Amino acid sequence: MGHPMTPDSIQRERRAARLALLRMVLVVLAIGALVPWLANAYWIKTLTSSLALAVAAAGVALLYGQLGLVSLCQYSLLGVGGWVALRVGHGLHWPFEACVLAGGLSAGVVGMLAGLPALRLKGLYLALVTLMLAGGFQVVISATGFPDGGDGFLGRISGSERLMLPRPAIAQGEGAYFAYVAAWLAAILALLEVHRRTRAGRSWALIRRGEAVAEGAGVNVLLYQTWAFGLAGVCAGVAGALLAGAVGQLDGRAFAASESVMLFALSLIGGAYHWVGALVAGLLLRAVPSLLVDLGVNGYLAMVFFGAALLHALITAPRGLVGQWLAALQRLRAKGRP
Amino acid sequence: MKITLLGIVAATALLATGAAMAQGKPVCGLNNGKAASGEPIALGAVVGKTGPDDFSASALASQAYFKCVNANGGINGRPVELTIVDDQWNPEVAAQAAAKLVKDRKVLAMVGSSSFVECGVNAKMYAQENVMVIAGVGVPRECFFAKNYVPVNAGPRVSATVVAMHAAQQYKAKKMVCIIPNIPSLGNWACDGAKDWGKANGVDVSVIAIDPGSPDATSTILQAAATKPDAIILNVPKGIMVPMLAAAEQQGLAKKIHFVSSTPAYNFDVPKTIGAAWNGNFDIHLEFMPVESAGADNMNWKATMEAFGAKSDPRDSFAQAGYLAARIVTEALLKMDPKKIDRASVSTALRNVSGFKSDILCRPFYVGDGARHNANSSGPIAQVSGNGFKQVSSGCLMAADPELSDLREQEKKLGL
Amino acid sequence: MPDLLPFLISGLGVGAVYALSGVGLVVLYRSSGVLNFAFGALGAVAAYVAWSALEHEWPLPLAALAAVATSVAISLAYGRLLAPRLAERETTVRSIGTLGLALVVLGFTEWFWGEQPRRLVLPTDAGAIEFADVRLTYTRVLGLAAALLMMAAVGLLLARTRIGLAMRALADQRGLSAILGIRVLQVDTAAWVISGAFAGVCGLLLANIVRLQATVLTFLVIPAFAAAIIGRLSSLPVTVAAGLAIGMLEAVAVLVPGFSPFRTATPFLIALLAIVLWRDASRKA
């Protein structure tokens, strides 16, 4: 942190960055390959949901970690992505990848549109506006539900069995689908990391310092802020589509505004400044409650535990759990060095 | 002569005490008092416990019955192990729960399930894995339109239809309003039984679909009352029903319009909670005979809960459903060869269930191999009276819902 | 055109609910810079305590006192023990902390009291004012009066008293105010006690007017945020007016064919409209 920058050191840093990116992708893919061998059906399903939600958490972390923006409607964007993926999958019979992309892109567009009026809002106001959006989405989706194979715009079936979204041919089984989701997670994380290390990331860092600063440096604030909202939306949309593929359908009652708030809170706890934080957030959202239910803990007592854990993490770990672990790791390494 | 008289008196006394004791002791399974110790038979149940309401009473009653069976010879020597999983009213968790039971635990059947969300999510998987579900309680449409899902209860559509028929019969109501939460598979289905029956019988039933999260019950009641109906049918969960009745009472409508409800209102805390204004003024359809009825099987259910259930297990209509589900499965399993009990043979045996009789049910229960199941389609009517309920229908009313025509066909074929 | 008036009047009942909660939220925000996600949960636990007390034949004043004391105690405990640890972080993080509190309180309430139909009946339910085919129970009139009264009282407190001034200073610049000699602990205590008392009273009225159910009461805080947003988190009169307006519009929405099943979205739609229309005025929070 105090050494001078030479052409050599810049080269070394670039190589280190590329290696870190490669390492990240390999770790996630390795998780995707190994876990199906170790886990039973219950846990494979749970961890698939965890990985899908990690994609959404990565988007939340992008907005908060890079730009300091709080979005409390990301789970609703997950719902939007899931809705589009299901509609397109059932109605047009597109291949699964196309459904995921369609879901991701539409949620990205909606995210950008939501981001535009919010452009001049900061801090708490942005949070509250996104909360209002989440509240409105909750009301609409509980009434309309998600497409399940029927006709009409809403795509709801009545009179016969509900259809499941067909999974891709290479990922029909539970274990295979888990690896498939891991691959998508790796791709999204890589996309975000590339953004961070290039011009976009630098522009975001400047915007974070202050709009005046950024504009003084020649950054197009409108473009980059909207782009960030769009990217976060894409993450949420992809997560929604993957979740739809995991369960086969989505239920309108599971998209309350409180889910968006929990997604934000747990992304914060996981750590918004490092990609592992998104993984931890996904685990906290799905795996930890499942563990508690598995152990027979009363659902409401689990809620109490969760709230206490949230408070504890907020108070003692400002950079999230992953921040804490990395700091501990660094201290260990420093001890090891002479 | 004296000896004979004494003998008769003594014999009667002995019989009386014997009968009293027999009432206290539950009868289940082989009923031979021997603890079962063979290879366990794995069964499962998915219940919605953590969430807007607690449906777990059904599976708990099934568990109590199976404990009784295990203490009385088991299934031809083999004990039953029922694993209950909470789906937290979350469809994702419901999928995980079913995966855990069906794929990890490899259950042979599901018994006593009662979940609002699992039918839509898991029905296809159950059909693919050939697992039969003899559920205690099903609510949304998917629970009554699945190949492998067999709810023991009647469901909100049948319930609303029956109570509408009662209102027409008892109060000569010609115009009714049916209120239903606007959730997919409920909002566009559960009041339509009453509506379609009404159309065929000269009664005008209009439907109001409400937002279940709405904090404003008064406006809904005002909206319903504005059409000047003779009766209002509440087809909503009891958590929403209580504020609606409170709003109706505050608006002075308790004496002006007849309020009736489908079965969720049949709960022992309801009369005290809704207050004296509804005494003798609120009719409810029951899916089973009343909880205090004196039929032998109903008393047996109570005895089973007393002997093998926990003190905190509710003794309500959900528990009746769970008990019946467990009894149906037990009797089907007992007829099988104990060495050849696997998932496929259990499913076949369950599909062959027909003519299952219990005084808790109005009509014999059956499963059949049709594409859907809704065997319980009748019930008595109870009325809020004092701090409890009293039965006001003589016997049971059978739902004349046009949608049930395919099942009536099946019943005719099975000779029921 | 069906008669709008009964629905407008009935909407006043719900509107008072939103107005009261909105004022409670803005009060704490203006006096400690925290947006309290746990406001509804504190109200819920207070309502359940009151219900239990009434079940045990306690007289109403004592039950109400116990209820408000509960919410004040929990609010104070959080404000004195946990909130100071987050005092250096930004506003949003401090508000997310109250979310943790909400989860703890909600989870405990649901676990302890369990799920069973309940109703909080207050003696003011017995009488009502009759108005255009609608009856407004005295409880709702009380709620309306309370909203207006609280608005005036708190407005006076913040604007005219020393402690009000201290509260506003602390909310704005905590470190600087402490250096200037403002007694941080005392002021904090006052802010959280007032907020807790508010939550308790709101909870009692809400439990009567809406439903005595912990999860519902906890998440009614989200539409209350809508009223607070329209008041731009600072103006109490606007918050109250917004709350009443939202309540009335949500009630009238029942008559709009097609929109009626979605009418719970009314608070959110209005808040979003307000934000978009008055964007310049709400640049910074």
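When the chains are written out, they are named A, B and C in that same order, and each has its own residue count from 1.
Keep this in mind: a residue touches a chain if its C-beta (ideal position, glycine included) is under 8 Å from a C-beta of that chain, and two chains touch if they have at least 3 such contacts.
Quick caveat: nothing in here was measured; it's all calculated off a predicted structure.
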Taking each chain's C-alpha mean as its centre, the one farthest from chain A: B
Of all chain pairs, the one with the highest number of C-beta contacts is A-C
Chain centre separation (chain A, chain B; CA means) in Å: 41
Taking the mean of the CA coordinates per chain, how far is chain A from chain C in Å? 32
Indicate the residues of chain A shared as contacts by at least two other chains. 139, 143, 298, 300
Where chain C touches two or more other chains at once, the residues are 223, 261-262, 264
Per-residue overlap in chain B, given as positions that touch at least 2 other chains: 182, 187, 211, 213
Using the touch definition from the top, list the residues of chain C that touch chain A in their complex. 35, 37, 82, 85-86, 89-93, 95-97, 99-108, 110-111, 219, 222-223, 225-226, 228-229, 233, 261-262, 264-265, 267-269, 271-272, 275-276, 279-280, 282-285
In their shared complex, chain B is touched by residues of chain A numbered 40-42, 44-46, 49, 138-139, 142-145, 148, 156, 158, 160-162, 164, 174, 243, 246-254, 286, 289-290, 293, 298-300
Chain B touches which residues of chain C in the complex? 2-3, 6-7, 10-11, 13-14, 17, 114-119, 121, 125, 128, 134-135, 137, 209-211, 213, 215-216, 220, 223, 247, 250-251, 254-255, 260-264
For chain B, which residues count as touching chain A in their complex? 49-51, 85-86, 88-93, 95-97, 99-100, 103-104, 117, 120-121, 123-124, 141-142, 145-146, 182-185, 187-189, 211-213
Under the stated contact criterion, what part of chain B meets chain C in this complex? 52-54, 182, 187, 208-211, 213-220, 222-223, 226, 238-243, 246, 250-252, 267, 269-270, 273-275
